[in-house]
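A short write-up of the structure that comes next.
Here the chain labels run A, B, C and D in written order, and each chain numbers its own residues starting at 1.
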Amino acid sequence: MSATLPIDLSVNLGPIKLKNPVMVASGTFGYGREYADIVPLECLGAVVVKGISLKPRPGNPPPRLVETPAGLINAIGLENVGIETFLSDKLPFLRKRKIPTVVNIFGETVEEYGEIARRLDGVDGVVALEINISCPNVKAGGVHFGTNPSMASSLVKAVRAATSLPIITKLSPQVTSIADMAKAVEDAGTDIISCINTVPAMAVNIYSRKPLLGNVIGGLSGPAIKPIALRCVYEVVKSVGIPVIGIGGIANAEDALEFLLVGARAVQIGTMNFANPRVVIDVIEGIENFMRLQNISKIEDFIGTLKTL
Amino acid sequence: MRKYLERAKIIRNLPLASSIYHLELYSPKIANEARAGQFVMLRVTEDFIPLLRRPFSLFRIRKEEGILEIAYKIVGKGTGMLSKKPEGEYVDLLGPLGNGFRLPPPGTRDVWVLAGGIGIAALRPLIESIKGAMPEVNLTLYYGVKSSSELFSIDDFSEMCDGLRCSTDDGSFGFCGNVLGCVIHDWETLGTIPSYLYACGPTVMLRHVAQWVIDHSIPSQFSLESLMGCGVGACLGCAVPKKSDGEPSYVHVCFEGPIFSPDIIQWEKLL
Amino acid sequence: MSATLPIDLSVNLGPIKLKNPVMVASGTFGYGREYADIVPLECLGAVVVKGISLKPRPGNPPPRLVETPAGLINAIGLENVGIETFLSDKLPFLRKRKIPTVVNIFGETVEEYGEIARRLDGVDGVVALEINISCPNVKAGGVHFGTNPSMASSLVKAVRAATSLPIITKLSPQVTSIADMAKAVEDAGTDIISCINTVPAMAVNIYSRKPLLGNVIGGLSGPAIKPIALRCVYEVVKSVGIPVIGIGGIANAEDALEFLLVGARAVQIGTMNFANPRVVIDVIEGIENFMRLQNISKIEDFIGTLKTL
Amino acid sequence: MRKYLERAKIIRNLPLASSIYHLELYSPKIANEARAGQFVMLRVTEDFIPLLRRPFSLFRIRKEEGILEIAYKIVGKGTGMLSKKPEGEYVDLLGPLGNGFRLPPPGTRDVWVLAGGIGIAALRPLIESIKGAMPEVNLTLYYGVKSSSELFSIDDFSEMCDGLRCSTDDGSFGFCGNVLGCVIHDWETLGTIPSYLYACGPTVMLRHVAQWVIDHSIPSQFSLESLMGCGVGACLGCAVPKKSDGEPSYVHVCFEGPIFSPDIIQWEKLL
């Protein structure tokens, strides 16, 4: 228990090395600039920006948010500025500050995913692409890509063919077997898996008798889903050989350490940024303190050390 | 303009009127930066229920003293919990946020400020800054509430403004009817019409006032509300439908607003 | 808004008529007797007893419970006294009091489900069987029956062949499409669907580096999952023609009314019994108050009146 | 024996020792029914965090006055929140629950009562009832804590018992070592051995004491703890491994306990 123990927070995520395992999750941190007054961005392992599509998208009609016990349902509808504006107006801010940037991408067809990946290939400042597969497949009648291993697999292959960047595939928890999805995207060539995306959910008003979201259905996030996310990460880690990023309900260092313990090599923090914009800094400092107290000098030595017998 | 996350000490948190509280906070960084019409996101609890911060307009910005005042109405869980916080405790503020009001154009003569209910909270600093920067302006405040028990700071407002017109839905004080009813009554009986107008209040009031100012081509600024996730533009949760010909389009209350010109909003889609 | 408006809380659930739509959920109310000092059982729409198997089962090693933000994870492991003791020692208490009793059943094979259904056929006091399909199919290598429409379907058929009692099939939310599961069990002949069972979840201790449940994985319940449950019920109601019972996170009358609004014809209350053993009574009274205030005389007129456009 | 759900008024909620509080509740129905060794499930908040009730032994049952006393240690969220509840507020109790202690068999001479830390809370009513029903019994209380700052009600106990032996892990008061160390020391130096024994304390202490009483064939009753969902037998969450030859088997702390004979528990599987 020495205060002078040198702490090594760096993690290897397959092709990527991060100075620490703490990132912000897509859609909860804008394009980085929004929280820059509050959070010293250079402290972050990486910033994952809001999901980007080929064309700008207006998003869903309001209301777009509902609070639930220890959770938040959102139905933003993937509003974003589109790849052009992202490259011209948003990315330069992060690039100038040398913040490792992960671009979360999505489309309505396999071709769109490929196209957007191509546009980002070789772009300075981008360290990886994160594929959001929880999107309606327009050609397949609106079924989500993320509900079907073979559809997800074809997405990953299309992106793989279009870029030399590391690929993170982000899984939805709303599947019968997240392990099967994980294996499918691993086989298709993803370098890294991140999970979970939000859990499909709903809220209504008994007086107006209307849904509380313009889109009727939204995605649940926040502390309420952490136990589900932890189980998903555990199952995925057991079933694949590639690195996994844990996401879902992380509110403090202990939560983040739980994901690392079950085998995630990094974490992303989403909804809690809204409640506590400094949560990422608190988590990084909290992990360091934990390591000092537990005499762990490298975080890599802690990752995946859960004892189950 | 810089945003701060500031632990603000509660100096005062007492009832002001029926179900309305008055909160005074020591928050020098935010107070120093803030402008009329801006707001803060206040964290009611470190716990997870409610999970999100709550937006509150700045009712008074006392820069020199580093003090912010908020007037808030108890409407649910978060405001209920806030009302129980004792003097001396701390709350966590994120701010100042939003675009804030702009002054009327130079040469403006008659300014009407319309407040519905707790909407008055956003308008006090506006009145102060107009009267400070443009003493020649003739400023009338229309202040409407459900019932007289909800009115507050009347003396204060009547001193700050050139005219003060109160209205109550139940007729218990001033004009009997809503704010717009009072405005229309004055316009019809006195024949006056303002050269500039500001409004803040419930969405249903704003929608009707918007119709009226658009019909009469009165330049104006409205302060809008919306459910907010982040308050800083990160979540895109605070979208409000914007007038558009083709595809649906939205403006975001937290960073493009909360102050908007009413003619860009698609009021009929606003709940 | 008249205080004398006669309120009709009775609901038709296909073959069953209940005096009100409020039941207690399996596994959270024992065999009825446990809360009998606190709750006037005759006020309940029905009591669903703890899941019963052919043989008594000891359940999982402790710890069996973990609290999470607004939720509870349990890994009881289906401990129960077995059908013999249930019939001889537990059921008579409820039968004597004329409490409509639903028996939740499960097994490790299709045959076991059939066998236990046969044992309960014609037993006085039992108004319906509720099939818990979220159980490992021992013959299929431990895959849950509830993850596969055709396995679930064969269960329902086996139970259907073995009993003349109304059958409620209880669905797990942990499937890619709960609508598809619902359709499968409807086609197989279930009379009613109840959903949701708990959501698979996990918790760990970062100091001991061990799982917080003896069974490692458990099921999440409580207010945290209500938004997920409501979405599941909405999807199931849209996809089948038979009555649906809503379950998941109900803590008060408003929550229960939300499920009725999206189309559930009854609800079950589980975890919240632990926090507030009188919750069922509070919910029944709260529904009545709501109906008075909203001038609704029959609860049937409120069910399924959600406006989505 | 009937269970009640009772809204109990807080009469007193004050510190008793280091991180230990003393709660007095007006709860006449439960007080009237309760016996030594039983417990109540207390709802700390109407909110959902923490979701479950918390079990607490009855430290004193003042039947005539309708008052229950609880001694509790702040160890986490729920007990932390409880310690902030002021006098005059109400808490929701479910009880009395569990089997309670049985008196030692008639003719028993030497009874030793072993308390580890806050385990003392369950033992006070036991001591009271033994001394009430069997004044001839020679009762020694072994009361061990980490450090002297955690000891409380010493005068009271020394008056109630025939012998009081305190121990502290750090040696700051009484015997230096744990309760069992003190017991073994007395047994070895004085050659005395009790004819009956009661114990309540942390599981690790109970496990060691169990070994000792089994080795010495001392009849005894232990009060166990476990995480509890319902407290009434409805959830089966409070299972504890039972000794068995074949298949695993469990006992349930809330309704088969919390008082057990130590020889039926599979201590090595208990965490």
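Quick note on the criterion: contacts are C-beta pairs under 8 Å (C-beta built on N, C-alpha and C of every residue); 3 or more make two chains touch, one makes a residue touch a chain.
Note that the structure is predicted; figures quoted are calculated from it, not measured.
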Completion exercise
Note: chains that touch chain C and chain D both are A, B
Handout entry: Distance from the mean Cα position of chain C to that of chain A, given in whole angstrom
Key = 34
Exercise for the section: Return the distance between the CA-based centres of chain B and chain C, expressed in whole Å. Expected result: 47
Practice task
Could you put a whole-Å number on the gap between the CA centroids of chain B and chain D?
Solution key: 57
Exercise for the section: Quick one: which residues in chain C touch 2 or more of the other chains? Expected result: 66, 69-71, 223-224
Problem - In chain D, residues with contacts to at least two other chains - result: 48-49
Practice task
Determine the shape of the graph in which chains are vertices and touching pairs are edges (line, ring, star, complete, other).
Solution key: complete
Practice task
Using the touch definition up top, name the residues of chain B that touch chain C in the complex.
Solution key: 48-49
Fill in the blank from the handout: Listed in rising order, the residues of chain A that touch chain C in the complex are 66, 68-71, 73, 147-148, 174-177, 199-204, 206-211, 216-217, 220, 223-228, 230-231, 234, 249, 254, 257-258, 261-262, 290, 294, 305-308
Handout entry: Complex interface listing, chain A residues touching chain D
Key = 69-70
Problem - Interfacial residue positions of chain D with respect to chain C in the complex - result: 2-5, 43, 48-53, 92, 94, 226-230, 232-241, 247-250, 255, 269, 271
Handout entry: chain A residues within the chain B interface of the complex
Key = 27-30, 34-35, 37-38, 50, 58-59, 61-67, 69-72, 74, 76, 79, 222-224, 251, 271, 273-278
